[in-house]
Amino acid sequence: SRSGIPEVIYAEGKTPRKVSDIVERVVSQKGMIAVSRASEADHAEIIHRIGTEGVVHNREARMIIVDRRKDKPSNVGRIGVLTAGTSDIPIAEEAACVAEIMGCDVIRGYDVGVAGIHRVLEPLKTMISEDVACVIVVAGMEGALPSVVAGMVGVPVIGVPTSVGYGLGAGGIGALTTMLQSCAPGLVVVNIDNGFNAGATAALIARMRKSSL
Amino acid sequence: SRSGIPEVIYAEGKTPRKVSDIVERVVSQKGMIAVSRASEADHAEIIHRIGTEGVVHNREARMIIVDRRKDKPSNVGRIGVLTAGTSDIPIAEEAACVAEIMGCDVIRGYDVGVAGIHRVLEPLKTMISEDVACVIVVAGMEGALPSVVAGMVGVPVIGVPTSVGYGLGAGGIGALTTMLQSCAPGLVVVNIDNGFNAGATAALIARMRKSSL
Amino acid sequence: SRSGIPEVIYAEGKTPRKVSDIVERVVSQKGMIAVSRASEADHAEIIHRIGTEGVVHNREARMIIVDRRKDKPSNVGRIGVLTAGTSDIPIAEEAACVAEIMGCDVIRGYDVGVAGIHRVLEPLKTMISEDVACVIVVAGMEGALPSVVAGMVGVPVIGVPTSVGYGLGAGGIGALTTMLQSCAPGLVVVNIDNGFNAGATAALIARMRKSSL
Amino acid sequence: SRSGIPEVIYAEGKTPRKVSDIVERVVSQKGMIAVSRASEADHAEIIHRIGTEGVVHNREARMIIVDRRKDKPSNVGRIGVLTAGTSDIPIAEEAACVAEIMGCDVIRGYDVGVAGIHRVLEPLKTMISEDVACVIVVAGMEGALPSVVAGMVGVPVIGVPTSVGYGLGAGGIGALTTMLQSCAPGLVVVNIDNGFNAGATAALIARMRKSSL
Amino acid sequence: SRSGIPEVIYAEGKTPRKVSDIVERVVSQKGMIAVSRASEADHAEIIHRIGTEGVVHNREARMIIVDRRKDKPSNVGRIGVLTAGTSDIPIAEEAACVAEIMGCDVIRGYDVGVAGIHRVLEPLKTMISEDVACVIVVAGMEGALPSVVAGMVGVPVIGVPTSVGYGLGAGGIGALTTMLQSCAPGLVVVNIDNGFNAGATAALIARMRKSSL
Amino acid sequence: SRSGIPEVIYAEGKTPRKVSDIVERVVSQKGMIAVSRASEADHAEIIHRIGTEGVVHNREARMIIVDRRKDKPSNVGRIGVLTAGTSDIPIAEEAACVAEIMGCDVIRGYDVGVAGIHRVLEPLKTMISEDVACVIVVAGMEGALPSVVAGMVGVPVIGVPTSVGYGLGAGGIGALTTMLQSCAPGLVVVNIDNGFNAGATAALIARMRKSSL
Amino acid sequence: SRSGIPEVIYAEGKTPRKVSDIVERVVSQKGMIAVSRASEADHAEIIHRIGTEGVVHNREARMIIVDRRKDKPSNVGRIGVLTAGTSDIPIAEEAACVAEIMGCDVIRGYDVGVAGIHRVLEPLKTMISEDVACVIVVAGMEGALPSVVAGMVGVPVIGVPTSVGYGLGAGGIGALTTMLQSCAPGLVVVNIDNGFNAGATAALIARMRKSSL
Amino acid sequence: SRSGIPEVIYAEGKTPRKVSDIVERVVSQKGMIAVSRASEADHAEIIHRIGTEGVVHNREARMIIVDRRKDKPSNVGRIGVLTAGTSDIPIAEEAACVAEIMGCDVIRGYDVGVAGIHRVLEPLKTMISEDVACVIVVAGMEGALPSVVAGMVGVPVIGVPTSVGYGLGAGGIGALTTMLQSCAPGLVVVNIDNGFNAGATAALIARMRKSSL
């Protein structure tokens, strides 16, 4: 497509059969598809139906990618992905995974959250020196990390609130609100746990740099 | 600064005196400042204090810009700004205004909202042919336009919900929710009525293209 | 009854025994009943109690219909039912199912949602040329499809938000809010996942046309 | 247009000048327009600009209608409009007003709410004997009237919650929730205070009967 | 105690052992106790510990009563308990059960809800002719029945919202809001699903009549 | 009427003319009426229209009572009214005022709230020794007083949350929630600021004692 | 009193006369009082009634203190008060003002918020070297500063969210949620804009150190 | 660390393997760690990995503490921990447990809640005579106990709302709101169920007294 963003289906609430029906149809038309929130059963059914060629199951990200395209995009650009805690990693991997399919190099820095701001400095320095086009910051609970990062870099930051946390602001509402209320310009957000959209948008931004050459 | 985003103060709830105190201090240090949600009284007090040189009052956007820098950024890139209705224009102007200070060219397309999807096609076509780096879409009420636009362009879209609307979802909550729930990848959002941040982030994206030359 | 709307019981939270008690009583009085959110166990218990005559179990819609009336209504009119995604189909089937018992012909167009507006055009054209009296549009997540459809047809549109979606606006609140905020006149809504009411109201509208002959 | 629904602008938050600009443009193109939530100043500015021909200001409904069409629709059908209390009348008039422009006859029954269910019986009987195609029921506070009416008539009922009421459920949220939760099939709703949409949809339903002759 | 209201423990979230510890202690001190939201396991453990004397398990109400008092209150007065639907019965039984321990006679009228207002008339007539001191009305979904009943009787009505219902207002919030917004004076409410408190308060009211003899 | 509760109109949002229209009509039919949230202008217009006979304006309660009945109820019973703070007094007076019209004696105890539990003891002791049938407790902010009182008396307690308070739980939501969550049986509630309903229900309870003589 | 916390009245919603009534009574009994959210009119009325002796009006904090005690507490300990922005200063002053009446020394550091974390370092260093017993951190919008500070000091931090901010999380809800969700142990909070309570609690903590000498 | 607060990991949502990875790493660096919301499986995996030395599993608190430090803090000070009900005990134990690791003595008083205020008096008296530096009060449902306690003691009170309760204010929102709305100065709060933070802050306060010797 114009944007190069892979078609994605959300597997939660669909039977493995329904999922693999759609996978089969889309792959035969476009050569590729992404399945988010995928289960082991979805994976089993898919490879049972269309074989293992070009099928990758990123279990951490709960994603299945089927990519049988001839010309895969590559070298599109570089982005960074940070998480505040370890619970935020699956969503971060979902983002990284999508950006990689779209041809980006991804620099990861996980579990560097607020409890020790200093821990974010090193991965950030690497990202800046590697000239990332955009930084995705994934955080739950109070969700303050994206705002801190946005104050430190000169590129756009995409905040991804995660549904980690309990009490007032549970389910990611606290983190989302913090990110939207942030006074740090340059920070934009996606919905709670929507790693997919963060990864896709980051890749669109990264691609811009290359395409302008 | 690293990012080139102007310092901004939020005038609502501050006396004109407090506003102009800050303006005077910041301008003397950095040569420029932006004042959002500014009143006529704020404007009067500012020019009374520091004179009219480099002071622009964009009344539609309720912004005052003071820019006394020697080297103003220009030619940084091109972005598009769309609004769904006429009530959304002040927030759109806030965004456009900030992007312009940061050196962007802005293509506007106002009042092209959902009631007639066809009306959005023409300004979008212009924006695409002019190779915008990013499209800001400002919308209140149901807030569906950003999602429609994101489905049509290959660049990132920044959705800005506005506080237009009444009943369930009043005050912009409906529009914000729609944008976050959108299935269209490539769409990221800022908080309700936060035109400033949308404009600043769009300029960061636009600049990326140029900087890579 | 005056309205021809079948009595319906909501099976969730009732034991199969309680459900079949009510079914038996109502069928003996009125010749028919509808059971929504019905389980396999409800179905087994019902046919165990009253036999299979006139009992239809629409598993997709999670509905059991018992219809032992002599004179079933038919040819009452024609309505359309659309869904944005595949997850919305069970609720759409609930609506279609009720309209059919009330004697309507139903034209279905599923999975035609916003990601590709063009996909909605074909089923809509058919519906218009078949002169539907009303279009039911079922959508989760951002719930923008009903508004789009209402802008394209000259008949009433009934929006049915579904509880699909996560993050801010989860559980259908986002879709409901979008539909209520919509600027498109001619669009009315029912509660989240209430396919039954959408189907019943659509049939009342369809019947009006016939009854005026 | 296809649907015959007049173009409407929402005057709240627009200057009289902006309102009359739009009115002038739309009237010259389509011969008519409706202005909702209109002030005296809007009215003054409009007749100052385009004269009084075909301009009607319904103060109770806070609407201005400009209608300079040659062929005005008439005899399109009959609808009923009920209110629970006296505070609900402005919204009811907004609905009635729109339905009348679209060519409907409107039977009104105001202040017949729950405190005495018996008071609703008489106007309802008239409406039924006059064969209304649809009943609009406008109610604030607990908003129970639409549900009661839907249980008594065999035509669709459109519930309009109003922003009357205080405490938990204030601003119309209570009434809206009651209507959505209602067990009475045949009841559909519009957003709080959205009389315009209720009137437009009712007229679409009424027209159906006629159009089928 | 002064009020005669039995001590009650809320079993949900406590182990059977913890529950029976408390039961044993309280019964040895006061001769009686009520256990709400009790499971089969709670029951088994209690009779294992203290024997079956005076232990009654009302499964419909999910309550266990242990009453080993010498002088049980009786003839304290008469109250009515109504439910809108069948799903509301467990909460109604919780209320009835408590009122009975406190010495009241209870007249029940279940599943008489709004769908047919006429169905409420007969049980209400009996309650009025039997001179009940108070009517408890239990209702979920739109929760309109208590308001209707309060308009028909000259005694206090206690509304009990139940957690039945889905969509906007799910979990009983819709019913609670309706009851609080009700325009019918004489209607007071307790929290969602709190049958216990409704029964206890109704008995306090009933006792007043007797005590004044 | 059956219940003796006076008809009441809510003046907020109605013009003095509309208010006095209704007052005139109701007084001529029933001899009495109550106007809540009444302004000075409402009062002026009413006495201008119907004279001062039997018109009482309780400014603290913002109520106007018109009572021209021959046989006014009296000696119906005794109730207590408490407030936590001084800001809660207007709502308490609204309740007291209604109970008095219905023939009750009212014992007041204002500003005795939680900050010093001891201050509530004295008025409570008087109320108990005077044998009140019911205690109304009006409280804003955390709203804990009704629960404390219910633990100390053997008669029903009606909690009235007021819209005093700011921050989380502002507008009375905090106080309402506290009262509904209270573990103290015998406590029932009305909506925020609804003194009228509290007074009317308390009088119904008080009357019960007398009527049973 | 035991705690030394001054009695305080909340002036908002009370007439100057009511305020000064209470002031007069309390001062004659206890020698002192604090009035929060006080207006000029409250001040005028108070000094008109009781003279100017010991009356201090802190306009920034909107507080009036009357202190005619012989032995004023002093040297009780030292606390720090920080604000994120300039809009947060009135609430910070309310806190500082109360702590000072209770005998504390207060070190202020205003407008040091997140936009530049470095700006918070200097005042924090002073506070630590001056051995403050507690730090109050006042912040609106995203409210991240208290969490950052709690990660840097070894004493308790009291977060005070302010009602600054708009959009999702407006009115201080965003800041409150952030502070409650914070992962930084040692951070406790008070309600939005409740500077009074923050100041009082900080003084209790400070006093502890001294009292143990 | 500066503050002596142990590093803590939140085990919910992490696999035992992930949990024990982190435990192993942190213990080898700092000699200790706390695991909250820990399962039996977490415990098994931890002792399998690092042996049982210094590992304590407080099952009531669902916490695992690993403490292999040479110099454990002790005699740091004394705090009190109260609960309203028995359901609140696990959260109270979490708080007590953390305070103990930080070297505090803890005086417990459980199940002393509102139903009988007198029951709180005895443990409070002990706490005061033992000179506690701070009282933690854990309460669900209406959450009124912390406010009552704050009115009775001269030291800071930390309120911990628990997620006990149903209906409006369920999940601890009611208790949290009550505590924030409380008029009792000296009361500060932590998020729902956050016993850890309450314990840590209480220990910081207690330590202050000692450290000042």
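As written, the chains take the letters A, B, C, D, E, F, G and H, and residue 1 is the first residue of each chain.
Following the convention adopted for this analysis, a residue touches a chain if its C-beta (ideal position, glycine included) is under 8 Å from a C-beta of that chain, and two chains touch if they have at least 3 such contacts.
Bear in mind the structure is a predicted one, so any value in this text is a computation, not a measurement.
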By that same contact rule, can you tell me which chains touch chain B and chain E alike?
C, D
What whole-Å value do you get for the distance between chain F and chain H if each is reduced to the mean of its CA atoms?
43
CA centre of chain C versus CA centre of chain E: separation in Å?
36
Distance from chain H to chain B - Cα centre to Cα centre, in angstrom
47
Of all the residues in chain B, which ones touch at least 2 other chains?
167-169, 173, 176, 180-181, 191, 194
According to the definition of touch, which chains form touching pairs?
A-B, A-C, A-G, A-H, B-C, B-D, B-G, C-D, C-E, D-E, D-F, E-F, E-H, F-G, F-H, G-H
Once bound in the complex, which stretches of chain F touch chain H?
85, 113-117, 141-144, 147-148, 151, 165, 167-169, 173-184
Note: in the complex, chain A contacts chain B through residues 1-5, 8, 133, 153-156, 158, 176, 180-181, 185-192, 194, 196-198, 200-201, 204-205, 208-213
So in the complex, which bits of chain H are touching chain A?
10, 13-14, 18, 22, 161, 163, 171-173, 176, 191-194
Mind listing the chain B positions that touch chain D in their complex?
86-87, 164, 166-170
